[in-house]
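In what comes next, chain A is part of two complexes: it sits with chain B in the first one and with chain C in the second one.
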Partner chain A sequence: MSKRYLVPIVYIIFLMLPIYWLINMSFKTTNEILNSFSLYPREFTLDSYRTIFTDPSWYGAYINSITYVALNTVLSVALALPAAYAFSRYRFLGDKHLFFWLLSNRMAPPAVFVLPFIQLYSSVGLFDTHLAVAFAHMLFNIPLAVWILEGFMSGVPKELDETAYVDGYSFPKFFVKIFIPTISAGIGVAAFFCFMFSWVEMLLAKNLTSVAAKPIVAAMTKTSSASGYELGLLAAAGVLTLIPGAIVVYFVRNYIAKGFALGRV
Partner chain B sequence: MNKTFNNKAWWMVFPVFLVVAFNALVPLMTVVNYSVQETFGNNEFFWSGTIWFQQLLENDQIRDSLGRQIAFTAVALFIQVPLGLAIALCMPRKGPWVSVCLVLMALPLLVPWNVVGSMWNIMALPDIGLLGKTINAMGIHYNYTRDPVAAWFTVVLMDVWHWTSLVVLLCYAGLVSIPDAYYQAAKIDGARPWAVFRYIQLPKLKHVLTIAILLRFMDSFMIYTEVIVLTGGGPGSATKFLSIDLVQKALGGFDLGPAAAFSIVYFLIILLTSWLFYTLMMRNEAN
Partner chain C sequence: MTLELKNVSKRVGADMHIHDTSLVFDDNSFNILLGATRAGKTTLMQLMAGIQKPTAGTVWHRGKDVTHVPVQRRNVSMVYQQFINYPMLSVFENIASPLRVTGMAEKEVKSRVGRAAEILRLTAMLDRKPAELSGGQQQRTAIARAIVKDSDLIFLDEPLANLDYKLREELRDELPKLFSGRNAIVFYATTEPHEALLFGNQTLTMHEGRITQFGPTAEIYRKPNSLVSARVFSDPPINIAKVTKKGRSLQLAHGDVTWPVAPSAARLPDGDYSIGLQPHYVLPQKASETSGALSGRVLVTEISGSESVVHIDVGGQTWVSQSHGVHPHQVGEMATFHADVSHALFFDSAGKRVS
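Moving on to the complex of A and B:
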């Protein structure tokens, strides 16, 4: 093995240490966490996990998070598909300006938008619903999805479209039956990024909800501030938030590199 | 690809346009409205001109936050971009380990931002955290809740942990897209590794590096959640960056006018810097 592989190995170890520490803490009792320092749990316990899986305010928050993330991913990709097709195949009035205006929303700090969003979604009666968070996250996820999908679609030769029309396909039939299967890898990558940015965001998700749609990220901050010493519970909740991400990243592992490279910015 | 001109394509873009306009234009107009008005409650507003913008320029607190923000973004970029590039260059190009590496490296990107904060909080606690205990055991006094230097060190280390992988993945994607023929030609010419990097890899990576720097600039300039969970902006206001300051003003104080003026300037700084950087990079390409 060549010596230079040490660099990625050391880097990966550095990445895994805090994750290991979180998992380690999640299996310890509160007493052990506060009174001793140990590299592995001496009194192994599943109490923290048991609390989370039996208390509706905990597992309900997970369900809320997954609901709005799924809504956001499906809606973002569904809306972005025709738009990305238009950008990759046609020139139209204001197309370049529109594309860059869309991307500029990726640069908007959530801190700027949080107060107007609360007022906007309250006034249309969506405050504290999954839909509000899903819509708010579309501000930065739709531009991203359009950008990634446009990159993938531009790699598909236009002859594919023309051949299909010659064979008598109508546009909707061509789009659903031929085009979407052709760029399924791109759809996977776009969905991955939408999932990721919606799953990790907290500021908007927390402030657009109160009780009914409270996400796990908000449930966690509440516990950590109200009872600062329930570190085991906090760690267990944190470990459980890693799982959906790990599953999703496993499915798109072969496309991650490609998804990053495409796009025309 | 040669594209045909057809304004009917607008119909395909329209749903996206509608959703993003609803999400972006309405809130931005609200912010612009607040930024030039004064309110005494009861939803009564009065025209106040540019007074909030003038106050913003004279506000030392915000100027300090801006200074800290620029320092933080600069440090983050100077560490993450070279480090990410170096790691990508050292990674294997083929074989079963590539997927393993990519999956493990992508993991930090998928951790909710508040969990990143909690994770480093637990990790850096001076008496029971792995990092805090180790540093203190080496004889260096380390307590990130009391000492501003330790707080900065922890916040920067957390950001390196969180985001370097993004640069690695982008650079790696750029590297694997370089055809083998380039390397073979370099080998025949007897090029040294440095020459291969300088004249083959770096020019080919320019595109992805531009994206990496842009993304890291934007995201580090907006950092909020990780820092608020880890240090809360403290000790004192040592790690109080722009977003933390803004959220405190907007949601804590409900000072709508000043917060709105702050928001507009904040957004404009990000937009202008990104635009300037992008234009400069692309102009070089044209020459």
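Moving on to the complex of A and C:
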């Protein structure tokens, strides 16, 4: 093997090490994790995974997370589409300021919004619901989705809109049948970023829920339980948390770079 | 009379895009909109098509006021400079698109698309996506979509500008044939005077949002009604010079040049005028009796195969000569040309043609 493979191999080892260690731990018993150093599980066990898939407080947390993430992604993209269309196609009073203002929402740390959200949601009966977390995350995701979609939409010449009108399409028909398929890559990228933010965000998700809508990120960070440290179990939960992200990345892998440039490539 | 604009104007913010315009276009006519970029050709087309609404004035089609009829219900076609097709649809579906909207039967759609594809030589590409086609084929697809339905108005907005030279020549020959024999008014926007001359028919010259002249193409070229029309419709640019007429002699404002007055201009009162002289009337050899000499320093020489274009400086003014044959002139040398004064167009101080 030639030397030129050395750098990529070292690179991949460094990148994969924490993930390998997490997977390694998830197949070990807590006893082995705490008492020995082993590069692979000596006593291979699936107990941790079995617990997660049978204990409702564990798998329920996954269902909660997936529910609010899905809600959030669908609502964010659905609301961002018309907004992005307006920003990309029309000139109106203060459009540039409004557009920048959208992004400035993302400059505040989520912690700032925890207190007002808890108080507001408690008073309108939204506290500890999936919708509460989905709405809170929309504050961050809609601006991002608008920015990404606006970039993709501005890449479509406005003559395409006009051609559709000339062909006889009404505006709603054009938007659904022609425009949305044309920018489907952008919608995929926007959905990916909404999903990612919502899936990994912990502070708001944890504080806006207590029992009924408790998310996996909250369940995963309770380091000890009645039976002491359960590191194997937490590791297995961690592995399962990585999987949805990996699946989503696989589908949008070809468009991610464009998405990071907010569609302006 | 079938399409009529009555005092139409278009203002966007503080900018006047189209100044007060009234025009009538006949059925089955081929109209060329000639003007530089940003002269308002596209805006005028969009106003006629109904894509944009005029700020003031009305648009009439076949005796009906259609000013507020949306473009969807106007039965028009449009082809743009950029190759605009629906990227996710096959070429077949792209061409079929205006028919699909009307809910036409599948059999009829197939036969119409088949015919349009055949005319534009796209039959072999019907299953492909537009992105897999060459630029010329993409534009053919857009043109096929424009002819597949029986439009009342067909707008071609510089359709050949983005094509390379060979394809442009090819498509330019085909276009008039495609649109002749249709019961439609065709509009063709272009920035190239030479293209307007090739198509003939009617030309409408535009400059900064105003219609400067509308009439048979050859007539506008030979007898522009104003300095602005003359400038729009000439390539290489028409020579324009300030002159003073005194009796039977013309004194040029720049350079020590005096020419005889041609009989056509003899009846004009003495005074100051601008004259316009097409570059092909300024020749290296004496071609007629009514010519005046022009001596100056050569600034630029462009020789394209069988034609020479020479720019000379006469007393601070640039004159352009266009002649057949190769006439090499060294830049900087003195040269004498002969301007055929009988073809000079006279414009008054307001820029209106007087002779």
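Assume the second predicted complex is superposed on the first by the 246 of 265 C-alpha atoms of A that agree within 3 Å, B and C clash if a C-alpha of one lies under 4 Å from a C-alpha of the other, contacts with A are read in each partner's own complex, and residues count from 1 in each chain.
Rule of thumb we're sticking to: a contact is a pair of C-beta atoms (placed from the backbone, for glycine too) under 8 Å apart; a residue touches a chain by one contact, two chains touch by 3 or more.
Computed from a predicted model, the values in this text were never measured in an experiment.
Student: In the superposed model built on chain A, check whether chain B and chain C fit or clash.
Tutor: Once chain A is superposed (C-alpha atoms), there is room for both chain B and chain C without a clash.
Student: After superposition on the shared chain, which partner residues are touched by A:Ser170: those of chain B (first), chain C (second), both, or neither?
Tutor: Second partner only.
Student: Using the superposed model, give me the angle at chain A's CA centre between the CA centres of chain B and chain C, as a multiple of 10 °.
Tutor: An angle of 90 degrees, rounded.
Student: Look at A:Tyr5 in the shared chain and tell me whether it touches chain B only, chain C only, both, or neither; answer first, second, both or neither.
Tutor: A:Tyr5: touches chain B, not chain C.
Student: Of the partners chain B and chain C, which touch A:Phe14 in the superposed model: first, second, both, neither?
Tutor: The first partner, chain B, only.
Student: Identify the partner contact of A:Val211: answer first if only chain B is touched, second if only chain C is, both if each is, neither if none is.
Tutor: In the superposition, A:Val211 contacts neither chain B nor chain C.
Student: Could you let me know whether more residues of chain A are touched by chain B or by chain C?
Tutor: If we count touched residues of chain A for both partners, the winner is B.
Student: Applying the document's definition of touch, where does A:Ile178 land relative to chain B and chain C: first, second, both, or neither?
Tutor: second
Student: After lining up the shared chain so the two structures overlap, which partner does A:Leu234 touch, if you call chain B first and chain C second: first, second, both or neither?
Tutor: First partner only.
Student: Can A:Glu162 be said to touch chain B (first), chain C (second), both, or neither?
Tutor: Touch partner of A:Glu162: chain C, not chain B.
Student: Looking at chain B versus chain C in the superposed three-chain picture, what is their shortest Cα distance in Å?
Tutor: Nearest C-alpha atoms of the two chains are 8 Å apart.
Student: Overlap the chain B and chain C contact sets on chain A and report the shared residues.
Tutor: Common interface on chain A, chain B vs chain C: nothing in common.
Student: Write out the stretch or stretches of chain B touching chain A in their complex.
Tutor: Spelled out, the residues of chain B in touch with chain A are 1, 3-10, 12-13, 15-17, 19-20, 22-24, 26-28, 30-31, 86-87, 90-92, 99, 101-115, 118-120, 122-123, 127-130, 133, 161, 164-165, 168-170, 172-174, 176-177, 208, 210-211, 214, 218, 221-222, 224-225, 229, 242-243, 246-247, 250-251, 256, 259, 263, 266-267, 270-271, 274, 278.
Student: Under the stated contact criterion, what part of chain A meets chain C in this complex?
Tutor: Residue positions touching the partner: 157, 159-160, 162-170, 173, 178, 181-182, 184.
Student: Can you list the chain A residues touching chain B in their complex?
Tutor: 4-8, 11-12, 14-19, 21-22, 25, 33-34, 36-37, 39, 79-80, 82-83, 85-93, 95, 98, 102, 104-117, 119-120, 135-136, 138-139, 142-143, 146, 154, 158, 196, 199-203, 207, 216-217, 220-221, 224, 231, 234-235, 238, 241-242, 245-246, 248-250, 253-254, 256-261, 263, 265
Student: Using the touch rule from the top, collect the residues of chain C that touch chain A in their complex.
Tutor: The touching residues are 46, 49, 51, 70-72, 76-78, 80, 82, 84, 86-88, 97-98, 101-102, 142, 145.
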